[in-house]
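In structure tokens below, several structures.
There are two complexes below, and they share subunit A, which is joined by subunit B in the first and by subunit C in the second.
== the complex of A and B ==
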């Protein structure tokens, strides 16, 4: 009986509501107004970021990703450090359970999504969903939209993150894309392809050079510039106290009843 | 009935053995080895293999795709130049690996053709194709950046990585001919 109860609560906790996002376009901010938009195929995305509780259940089932077991090539030593000491009892505090999991590397985030038969969203997918305000698919049509995001970027990090779901759902019904944490994406570092002297593309300059931004699709979208700058500074094994993730899927999982 | 039970017992023993083997593996692969990556890859002959099967020799590795016209041919030429600068004796301990960035079109057969066209010595070279996720994960541990663009082309970092016998990254060089000598020097230091 108790086992059934535990199992049920496990399943409930693991199940993440997803919403379907239809086929659409997304214009990377560093492209000029005349450049073709990037097509984003229909996909599903988690409504909220993954919580500490959900992540705890994941590592309980996949001990390789426990703090004391994770290979050092997959995460920095700060991995899950907000759960307390790195001894065998490393667990999130009760008040952390429904807060987003942070201090996780790209490898850990990817493994989590894989365990759910999902994947990390691509930059294009994430940006497409995150460019919606509460009432418009294209949030930039609302005056206060960018301002609110930037105000959040200007706040210092909080010691205890609030619970997920605290921000109003956006146009697609997705929550917490802004205002809570930064999130891993599957191809986070691909905007800056040429790290070498024999550069294979020149888009990186347009991302960072002020003059280069003149040709950008929406120079006022400073928040998006900050996200691209932040992403390109990351490495896959980084674990940061404001960086979490959510999962996506190309399969339609929104109708799944668990 | 007896037969049935025996089958189950054999299966259980098999599973137990597998568990033990995988445990041993994860213990012997160093913490900072790229062979910690899971994933199943296909070589140019269609054989399934894990990255860990490359342990035991030093490896020179790069991510390319076979229909790439710009940097990839130079990367492959640079790796061949490294191979030719090493003696046969030295090459006994070195393998050369090319991993495809366009696994959908780089099937084992396509890679085999590429190997023949580029006159790769198949005693030393392996060409690999895998799932998009496994390719991305491998690129992440190598800090190789890439982005798929139109027409199945890929913008990508132009890096050659040297691995020690246990899959630890010992050096990375930009894949241009001038660097072959440098890579050879590096390969002799470990």
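== the complex of A and C ==
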């Protein structure tokens, strides 16, 4: 009953605003300064992370992604655990509705995006958008940019996450890329498995000590190191308390509907 | 971070297989490691065979106090900074379980310098929030080793407190001592300056510049002072397991008023004797041993001394017991321990000095001079220290002739003098102060603490210089 109520009243919420990002370049952190930039083709990305409310709507329409139904290989037992367990029905509390959905696996995030003819953004796409400050496409030109991002990592986790949209839009008009949650990307573990950008380093080196800084484009970009470090620790079935997602799409995208 | 009491008591689990030990070399006895929070150390290992030791350690991101009124988000091993002390024996096979608390934002891992293998365990223990990694290694080399988190960016993980010590005891163990303690130095970089109140975030720029706001023992200013001091009794032997987590600074480890009888240099097998200060590199350790012969408070410092007095690198060892006048008389020479120099150094001559225009100005300026140069010995209310540093309050010596005070500052004063009926036999070094500063400070003293008042002028001071 509550479910239908929320459903009917919130169909509007489903329509997630997106912004278009033009063709552009991005230099991955682990490339050397002289290496050619990676081209990122035009795409669109959600302005805000997906909320509990939007995710609830998704699983109502796709019951196989309910916590009770999801196969273990697609998500760990902590899947959506922050919704609690009321009468064997997992539902977000009212005050959680506009907070970002967390405790979702890569599989679940990808399924959500596909249900809307979208997909998860790639690491390159995410990093290209996220490297903008409020006023510059390249935020690192602003002195306080890295420090502000780092401050979030330096704060303890909060039980109740704030609502989405609390951070000022960046240069592209996208919000909450920093300072709220980590976000899934389509190829989150490619920093470990792609061969072309390794140079003389090997697969292990990004994981420990200073070796990861060797040949990095900007060794002072601690925030980016953390994101790459964080992504490297993930497996697709992981469901973590600070990890959510947003969706992206491109024109020539062909997605199989789930 | 304030220290918690020892976490988990000793629980040795001797499992089956003990009695068939002789039959199969691989069939090791399994035991749960005893871990301890700083400054305590787990008990010595008293078995004479190798065992399989299971270690469970948790990484956590939590708010703690780095100084009075100053909070910091520490990242820790076992909820303390430094992390839990691990004690194993050379030849032990260690099964390590690293758990990252679900509330963590960051993945973490552990690089134990006691591990022989790539990354020191870092790759095998790389753990996302809410997960546990397991890996095993054999402790091949005896010694005292740092362990730390090595997840990128490694500097930030260490700067937030992710380090601790693992002791690999040699076969036969270390010689028995009466007291063992665990002390680790670390440097911290906060957005606000030293002492600025509130929750302070990590400052990346300062960390890269190696410009530390805090240099502390065991995770906070005052972690090991006053009621939290280390303790010992006269006649006991004390062993300190000392580490330096860094991330940047090298420690000149020194205990004021003690000489290390033995130092296991860099935590290894080389023993040096009769050492005053031992150098501990970032990511390194040392074992120091000494016998405490006289009572009192022994100050443990990083003898890069501004770190001790301005950044927090100070701990205390409180020794109780009877005095031994033959070893230490208690009233000679401690007044000349002035490692920073005898007075504030003068700058080039061509700067503009604000000069006092009135007697009130002189008193005001003089108070500043007093607090910077005189207060340490003559004390805040001019009361001095009995029989060592004469009182300036209600001082018959000074009031009789204030110019004697000027002379003492200009030329120094040593040998016995009688002040207010008590003989003082100490040494006051000459102070490098300007005529104005000296005139002001004497005027300040004459008009404070029940002295008779009066005024001294810079010209009078100039006259006394020759």
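The working rule: the second predicted complex is superposed on the first by the 220 of 258 C-alpha atoms of A that agree within 3 Å, B and C clash if a C-alpha of one lies under 4 Å from a C-alpha of the other, contacts with A are read in each partner's own complex, and residues count from 1 in each chain.
Going forward, a contact is a pair of C-beta atoms (placed from the backbone, for glycine too) under 8 Å apart; a residue touches a chain by one contact, two chains touch by 3 or more.
All of these numbers come straight from a predicted model, not from anything done at the bench.
Trainee: Between subunit B (first) and subunit C (second), which, if any, makes contact with A:222: first, second, both or neither?
Mentor: Only subunit C is touched by A:222; subunit B is not.
Trainee: Which of the two, subunit B or subunit C, is in touch with more residues of subunit A?
Mentor: Touching more of subunit A: C.
Trainee: Between subunit B and subunit C, whom does A:147 touch in the aligned arrangement: first, second, both, or neither?
Mentor: second
Trainee: Can A:71 be said to touch subunit B (first), subunit C (second), both, or neither?
Mentor: Touch status of A:71: first partner only.
Trainee: Go through the superposed model and pick first if A:236 touches only subunit B, second if only subunit C, both, or neither.
Mentor: In the superposed model, A:236 contacts subunit B only, not subunit C.
Trainee: Which residues of subunit A are in contact with subunit B in one complex and with subunit C in the other?
Mentor: Common to the two interfaces on subunit A: residues 235.
Trainee: For the complex, give me every residue of subunit A touching subunit C.
Mentor: Spelled out, the residues of subunit A in touch with subunit C are 78, 146-147, 150-151, 153-157, 182, 204, 206-210, 212-213, 220, 222, 225-226, 228-230, 232-235, 238, 240-242.
Trainee: For a test of understanding, state which residues of subunit A touch subunit B in their complex under the given definition.
Mentor: These residues of subunit A touch subunit B: 64, 71-74, 106-107, 110, 114, 119, 186-187, 189-198, 200-201, 235-236.
Trainee: Name, in rising order, each residue of subunit B that touches subunit A in their complex.
Mentor: So the residues of subunit B in touch with subunit A come to 26, 29, 31-34, 36, 70-71, 133, 136-137, 140-141, 143, 145-147, 155-159, 174, 176.
Trainee: Flag every residue of subunit C that touches subunit A in the complex, lowest number first.
Mentor: Going through subunit C, the ones touching subunit A are 61-63, 73, 102-107, 109, 111, 118-120, 122-123, 126-131, 150-156, 160, 191, 199, 201-205, 208.
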